[in-house]
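Same chain, two partners: chain A is paired with chain B first, then with chain C.
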Partner chain A sequence: MRLDTDPYLARYAARVRGMSASEIRALFAVASRPEVVSFAGGMPATSALDMEAVEQVAAQVIRDHGATALQYGGGQGRAELREQLATVMHHEGIPGHADDLVVTVGGQQALELVARCFIDPGDVVLAEGPTYVGGIGALVANQAEVRHVPMDADGMQIDALEEALAVLEREGRQAKYVYTIPNHQNPAGVSMSVERRHRLAALAETHDLMVLEDNPYGLLDFEGRTWPSLRSMIPERVIYVGTMSKTFAPGVRTGWVAAPRPVRDKLVLLREAADLCPSNLTQMIVETWLTTQPWREQIKRFTNVYRERSEVMLAALDRAMPAEVAWTAPQGAFYVWLTVPPGIDTSDLLAKAIASRVAYVPGRGFYGDGTGGDQMRLCFSYPPTERIDEGVDRLGELLHTELELVRAVFGDTTPPLRARSSQRGGSVGG
Partner chain B sequence: MSEPDRLSPTNVAVLCGGISLEREVSLRSGGRIADALADRGHHVTRVDVDAALITTLEQGGFDVAVLALHGSAGEDGTIQSLLELLGLPYTGPDVLASSLAWNKPIAQGLYARAGLAVPQSVGLSQQAFREMGATAAVDRIARALGSPLVVKPATGGSSLGLSIVEDPAAIPQAIVGAFSYADTVLIERFVAGTEVAVTVLDGEALPAVEIQPKEGAYDFAARYTAGATEFHAPARLDASTLEACTRTALTAYGAIGARHVSRADMIVDAAGTPWLLEIDTCPGMTGTSLVPLAAEAAQLPFAALCERLVACALRDAQDQS
Partner chain C sequence: MRLDTDPYLARYAARVRGMSASEIRALFAVASRPEVVSFAGGMPATSALDMEAVEQVAAQVIRDHGATALQYGGGQGRAELREQLATVMHHEGIPGHADDLVVTVGGQQALELVARCFIDPGDVVLAEGPTYVGGIGALVANQAEVRHVPMDADGMQIDALEEALAVLEREGRQAKYVYTIPNHQNPAGVSMSVERRHRLAALAETHDLMVLEDNPYGLLDFEGRTWPSLRSMIPERVIYVGTMSKTFAPGVRTGWVAAPRPVRDKLVLLREAADLCPSNLTQMIVETWLTTQPWREQIKRFTNVYRERSEVMLAALDRAMPAEVAWTAPQGAFYVWLTVPPGIDTSDLLAKAIASRVAYVPGRGFYGDGTGGDQMRLCFSYPPTERIDEGVDRLGELLHTELELVRAVFGDTTPPLRARSSQRGGSVGG
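Coming up: the complex of A and B.
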């Protein structure tokens, strides 16, 4: 007798067949336990919000506009909110009109809608390597082929992008778009230099490229600096994604996409097919937050928290890490990207880390091609500073011991780097 | 196997979760057991094992604890010791049987003594590498065991940390990886053949389940993604081979002194010899797990299987007192 554990298998669409259970995701079930210092999830410090103000805002929405807030709304999102979101863009020096915008359920829905709008199975998207797990997830779920462009301290290497474009040309193919997180990139923690932004914009023109500019962290610079956006350089080639998750709260699930009009129209139709409309309730909470509260001050309060936590983490890393370990020094947002010496595999090491009560995200999750086994992402945005010290100490001790073990096991041979098959369809927050 | 008489309503604590690396699988097993027992009219509490465990159990007024704790504390005898101390009846093998099965090198020695075929293996501790230069012996081990070979942690389940290594140059990396899950690694001869799991339920073998992953090895993804693996029960083997598999499972169950339930994982080679890999004393009970599949093949619905385990625990506790 044949026993079926999934009697629906033959009925599934091709795009979900590759989706499978992952041991890394299973390990995160332990990482969420309070005993573990988790540098894994990219979670904003929502406790730094003025909760009394949030309470007033929410109460006001229900009291004054309850019937509307609890009603269906339009697929593009409320015009009043879009006006406010355009103001948030202007605060960062990014051009945009309310009418260009579609309100989405977090930035993630925007990434998914854009993928659904442009990707046929097998289409190529060029993305930074490493890049956001959820960005890869949206692409893989739509059967895109993700090709990575390496990064350095100045962001995506434009020479490498040119090479990747040349390879595609030789194959007689064209990238559907270039996916980039130019500001305080997740997970690398670096920003694209101004010079490279101009080069990318110029390449987009000469190669007839579209660019997906994902900007969750642009307002979280520790010094309050802002960067010129790609949208301001080549507006007709850029689809821009913003979110209130980091400047207000991820719990309101409010993001947006700004796109050239014909694309915007398609995105509205796609979103109506997916979930009809965004929640009026949370839209009105965000709208009221932005019109009645000092939201710019709140962003400063957030960045002060993140700057302090990043300083504590960087100091702890200096103190605790073996000399062979390298990491990036973020100027904003949430992340430190850490590279370990050959022989240590960060996917394997996660089990030991969790046993030592500290968690991170192994590097492989940020690549679609199985590379990144010698890297990990540390997120400092959520744990309080004393927990950061504790967690980095545990991780440092672990890496010291692991290095000794690697030397003992490998003897004189040089450990090679190992690639693995990609993990598909996974998302680990942030 | 027919359904036993319905069990009278019982106050059950399903122990699951905890801080083990197999926490997620354990929560899935535990959730499924809890739902099934609740549907049968029992009073069920899910207990996620944490520092408050003893208080929770002392104050809960439970009749019995169902163990769905995978990984070290649930399977190495730790939780069993605590439950003995509290005098709370529990499902599955006792302290000694659990700790024997948990340590693969010890367990394999016992199985071999009982006359079972066990793949040749070498256990190496971290200490052996750090202080005794074991690296120098790896080539020798590789030559002795042939290629490919299996590198795995000496304790633990769900094939976490397990690699099948073809290229001898990749052995050190596989060893370092396995050390992430245990202080000792086993380097084992690879047996090619049919993967078979035999569940022993209260001293009686259920139909052997054949495991055939649709792609690659029976790894974590193949274990816990519904539909990723094809199962056949009984395994598509001739009668005498099936009989040998059953005998192997029952002998191993006896060798460690198991009770209530255990699952024997083996590989049947081309000559029809079942090579015993390990006994799992707290086997998975998820929707893709082998013990529930074996029970299904024996016409024993999942809820009845859970009740049967509860009944075993209550019976044995009564026998003792």
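Coming up: the complex of A and C.
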């Protein structure tokens, strides 16, 4: 995977204020070299996919149903696929019925259609801070005001959410919805505790709130555990977004929304105006994958790869990082969220990192308000373990050097350096 | 193809004021029966596609490049595909460079992104009347005001366009762009004359206008002729939209925009917020189709099928229609545009038509202003010739019966019935 086709890094770079198109191109020209280890893109390990099976599935779809697979389809997506996607939800213990689902171009289109459906310019959406770049992108494109709710190792801090709701009330406003990624959050790599899910559900009832529950990673728990969904607690208040990008493959661009009927109908109309219909071909490939292949086994295979890579990354961080650096300890999915001491700016550091042959996404990309300059996201899902070791060593060396510079300028104690977090349940906040 | 998954008819039905969801469902329940001949959906004859070749191409892509095909890609689309799409443009004599192209989810996403890029609520867009349902949908979704410019057998009437521009000037406003489908227009089935293209280009210069040139059908001329593109005349003023849906297959959902650089960059950002990136898998299938298969021959094969079907439809109309009905004579692509005498409303007639086992799209779907009640679109691209004969006979019989009713109520001369148009260059206007 070349970095110049890495949508996460590209999107981040486009958001960096003051970085010109030619500077970004120059950065990518270096970053695309094979010797650079990329922890940037949130890319699944497609190499762990049973490619022979996928080839057979695609050939079978075209051989047996080519005239349908290559034709237009309906805007809601194929009923046969929606049945299967409901089965995927049930596998995670989430209620879902084919009729309530709208098939989308990955989870991203789901997030954007929901934003388009609900947001008038200036409307407030509450979201975890940090949160998914593309989620912010969908909100910003629809001129929402994103207000972040801080997180810790147990996910979104519900006390802080209550405070944000109180502030809105004092302003005479209401949040259009709360956007959350409760499971193995991107980018923080933490999950919302069960107790907080119940508190969030209760707050939604008392404050008449909609919740956008974005769940790309729920099935990628390293121990195979599942968490209770918000959809199961307050079904009429939740718009649920799923995707096959992480449990099968992003290349089929297949996600979905599950929503109460009136919302579902509006989403179908919006999607028809947006791109008419999803691809029958990729829909039927996913459908056939789910009906004829051992997809639960494939998810286990993915999860084993990610668990091993996360262990290698956490061990490498322990070994290579300065004592003042803190990070979270994921129990599923793709991400470690890392906080550097004051005096280091992760946006400024990116060019040096790439020159040192390692890439990450700077923290500011995951906030809508310009904060996060002392944070970065490391994604361990894509590089093989020996590359992870190399990359973390390079990043550690760079941060050691930077810290020496900071100390040379500010002295040993100013600005104050933070104590190192424990690995399990490390710090998320900036 | 079941009618209830026919996006054109579904979208039309959703637009009909006063038609409830349950009435639409009831209509579709009947319409989906195999005995109904559908002239509704603008669906290519995928049965004429070399399915074995497509199967081989898909298998080859996954076998040789599976890890890339199933991964995320960049928001602009693959450079390799853009190179090939530029070749498709050159085959039609249209200038295009891979760098200027953005790959989209069919032509529809291109139309919607362009609307999103340019339209502020209340902005005026000038469009042919009638015009593509999905083009209107993209404009309406972005709160544009659509003003129609009437057409005749030579396409958009440029005198009327000048008049519309003069009206706007008197209002102190300017059109954001002119939306046109110059070749084998959907739904009118006519092409803009070369002289009018030059006049439109000149008007764009003098009035500082942008033109959105939508060209799904340019390569489907029955005689293999090509028309000079507006893009070749005023490249800096034209945003060009192409698609592989009609020259290859809609199921790969692959279209593109060619735009001046600043617009291109904004379109890439909008598309990333909308759905992150197009499917690498379908992109690579199209790419491999274009590099390894005789795609020009496949287009000829499609065109031969459509020419034959158009001839059968025109002969059937001649035979079956009341003398007062007029229609256009397509020289390429998919559509005949039919005008019925006053007293008959094609929206009201649809339920009866479906009960008579024939379906079409009522004219109102192709206007943003509620006109077109005396018109309908007949699409001949999908049904085999014997079904076309059957369907036109049923529709002719129905219109004969309706006309008798109109005469019984209004008498022979009130409201005045129009003289029948000649087939070649028949009437477009309502």
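Criterion: the second predicted complex is superposed on the first by the 380 of 430 C-alpha atoms of A that agree within 3 Å, B and C clash if a C-alpha of one lies under 4 Å from a C-alpha of the other, contacts with A are read in each partner's own complex, and residues count from 1 in each chain.
By our rule, a contact is a pair of C-beta atoms (placed from the backbone, for glycine too) under 8 Å apart; a residue touches a chain by one contact, two chains touch by 3 or more.
Every value quoted in this text rests on a predicted model; they were computed, and no experiment measured them.
Once the two complexes are overlaid on the shared chain, A:I299 sits clear of chain B and of chain C alike. By the document's definition of touching, neither partner reaches A:V336: not chain B, not chain C. In the overlay built on the shared chain, the residue A:V263 is in contact with neither chain B nor chain C.
Touch counts on chain A: comparing chain C and chain B, the chain ahead is C. Look at A:A59: by the touch rule set out above, it reaches chain C but stays clear of chain B.
Of the two partner chains, chain B is the only one that A:E404 touches; chain C does not reach it.
Of the two partner chains placed around the shared chain by superposition, chain B is the only one that A:D345 touches, whereas chain C remains out of contact. Residue contacts after overlaying the shared chain place A:R33 against chain B, while chain C stays out of touching range.
The residues of chain A shared by its contacts with chain B and with chain C are 1, 4-6, 21.
Considering their complex, residues 1, 4-7, 10-11, 14, 21, 41, 43-44, 46-47, 49, 51, 54-55, 58-59, 62-63, 66-75, 78, 104-106, 108-109, 112, 134, 137-138, 140-141, 245, 249-253, 265, 269-270, 272-282, 285 of chain C touch chain A. For chain A in complex with chain B, the touching residues are 1-6, 8-9, 19-23, 25-27, 29-30, 33, 35-36, 343-345, 348-352, 354-355, 402, 404-406, 408-411, 413, 415-416, 418.
Of all residues in chain B, those touching chain A in their complex are 19-25, 27, 50, 126, 129-130, 134-136, 158, 160-161, 169-170, 172-173, 175-177, 179-181, 209, 220-221, 223-234, 287-288, 293, 296-297.
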